[in-house]
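Per-chain residue numbering starts at 1, and chain names A, B, C, D, E and F are given in the order in which the chains are listed.
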């Protein structure tokens, strides 16, 4: 449990956004009529920021994005459907899980476009990190995500070190 | 060396963009006057797409983005300065390295905002993957990146499997 | 019950969007730091169009917007939170109810910005109206809205005639 | 006559915009190549705001929009042509009439897209309503609109009460 | 008189736009709160294109812009007010005069920001130049502009040659 | 040599941007699928502003743009490639040369779209002109541009007077 005495505890439902929709426009498309990956990442960040701000009760900043794999392309005539929720909170940081699907205009079967895990840190007026409330998972899925977030965090830290070592090599 | 017989060989210099600038605007800023991470990822993708298109000689799509760590915030009054180059090409895929720095309006010391490695795949008119030219690294830095890209690719594949296993657990 | 034999019946839940968020940006603000009414109307229309498209199972167009009263201004530092659902369907038209609230970044008490009722018509590839599924209200609130939508429709038709008569006078 | 002693009197011509043009772009279009209603409402509001600001001699905010009926769709290849003028001023509020037409690129016959009446209120630096100049209609059309604006205002107030009663029922 | 037998004659009033307004937004501003010159040039071009399209009765493209001198900066809180009209037509080209002024929100004295002369050419579906109607100036100001447009055209052609010679030197 | 004692001297390389890319999007296109001239001028100004800011070491404003001739149209599927550099500096003003080319997506032969010379003035916090560093041309091309910039400046001043005289006539 994270900092209950200083910043309280919140549930996942208090900050999550269950269904955010975005109709794809012509300017969002590559020459082969699939949506630019960067557009999807920008929407993903803006949505996750609202969720992180809600959990933190104030402004947060993106500090990292886990490896993102595009599983299927979104296309002309699609509506992006996005979900975002806090998976776990540490001292001043939170892991936000985002899932992006696509459905055709008019609805129907949704295709899975990507899932990603983003880390945000709460900052005060001077830009310094500040404590955030702990997270109280309630459902079995939330509890599973809560446990796995700790594994992902360790994997992230290891991966960050791997990258740093590789980049260190690179810049010699 | 990748597919020299079918698609030729290109050097890094033939497709790289050495200095792309973007002046930060009020709409790009969080409430604490730092630039949204998603905006930077969108710029990063659009720039990398031009480089990947050049190396492939046609349209490409983003298939993955390695773990992205924001090392310092870009702020009001900054100009983003971005570099992108192909690090290695395989059959139909390419790793593009992107570095984003920030300088104050009027220039001066640059701060390192983030580095990221993105993977693009070349597609034909029906959206199917197609062969791309091999990459001929020339300078010692390019040769180092060429070698390390193979290590990163293996780490990516392992990391993708880790994520898949974690997500598999998550979705039970 | 509307056209069950030709186009089936759908529930409200099949098409509604319960929580769409939009963080207010500097460009959305008047000189006195309140959000332009037109921006809110544009978001309202884009969200309602997704809901109408889902109910109709294809493209729809806006045909009217009921009188819109702004009850409180949205401001710098707000996140708009929007809900939209089908209230009733007739032959080729649907009434979509939209509610817009505002919460401060970080969450907290929501202020009611406006509620509006919009009418959409489903169109085929040549732009001609086409039948839409009937609506099956399930909850008591949905049943109440279903009944009131008929009253609003009559009021709309009367109001449209009033306006037409006034405009007729105006253009003599 | 409204507040001549405190805020002066202005004519319609002093604030009206007779012809505002906007070329339709690909991003403004639905899947069936007609312009989104919300885009038109946003342009309508931004234009009316300039007119209201001019009459008031300072910042104003949108407080209501009368029922809007789209009479014909604007399409790819159209130029929107908009007119806006003050119809009447009360203590701190003004009715602005807006007419939107569409012409093909290259000009030609204009189609009537919609007419709407919007109400704006002048606000001071603290966001409180403040007096606006009275309106002096000059032409016979302006005088007719001036008279009818009073009827519309009464209809608006009645309609607002109808809506409030309906919504009151709805929220029980 | 230009091509009366093939393309007819039009007056200035048939295509001109007398008052196009644009409220300056935060994203339009430099760090010193003045409007980017490029934004004003973009608005100027989009407005002049509508006027040229109207005179030509179809699509036109910008071929040149005369020397543009910014006489005063537009600023935060300003509304740009633009006028555009055809000054003269030749075989397939037209000179469009554009004047940009700025007024404070709420109106008041207008400051002259810039005047510019742009040349457009009418093109057919294959992008080839096509004849445009001649211009019939009616008022004394229109007649003066009509005469001077010929002088400006000669000056433009001379100036283009000067530039070409300078650039020729430059590229040796 | 300009003001070495007060503001120092900089080389061309210290501020130039050698390759700025922009992929053309659907919203940037005319009905005949060529890029709006105004869009290109806006990009040209934003790029040149970064270069001028760097040379001046602070905020600058556009004061004039030399006659711009579009030599070939940029089209759907093109990437704009832009270069910008300081050609000469005077007391508080600088001439920035900009070249815009277009290449197809995937690269290949570049077409010359336009070259333009823009003048910027450095301003202090109160908007008053302030001294800028002198320019030290290094390569033979830079030295040629440095010499020719003086000729262009004289031509600009003469041309400005010509325009002023013509406009003076016009406004009688």
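To be clear about the criterion, contacts are C-beta pairs under 8 Å (C-beta built on N, C-alpha and C of every residue); 3 or more make two chains touch, one makes a residue touch a chain.
If you're wondering where the values come from, they're calculated on a predicted model, not measured in any experiment.
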Contact-graph distance - origin chain B, target chain D: 2
Joint neighbours of chain D and chain C, given as chain labels: A, E
Interface residue overlap between copies chain D and chain E, same or different (over half shared): same
Between chain A and chain D, centroid-to-centroid distance (C-alpha), Å: 41
Whole-Å gap between the CA centroids of chain A and chain B: 20
Junction residues of chain A, two or more chains touched: 26-27, 31, 46, 49, 59, 105
Chains touching one another, given as label pairs in label order: A-B, A-C, A-D, A-F, B-C, B-E, B-F, C-D, C-E, D-E, D-F, E-F
Chain B partner contacts - residues on chain F that touch it in the complex: 14-15, 17-21, 23, 46-47, 49-50, 53-54, 56-59, 79, 105-108
Residues of chain C defined as touching chain D within the complex: 30-32, 34, 36-39, 41-46, 49, 59, 61-70, 73, 115, 123, 125, 127, 141, 144-145, 148, 151-152, 155-156, 159-160, 162-163, 166-167, 169-170, 172
Contacting residues of chain D [partner chain A, same complex]: 26-27, 29, 31
Chain B to chain E touching residues, read off their complex: 25-27, 77, 105
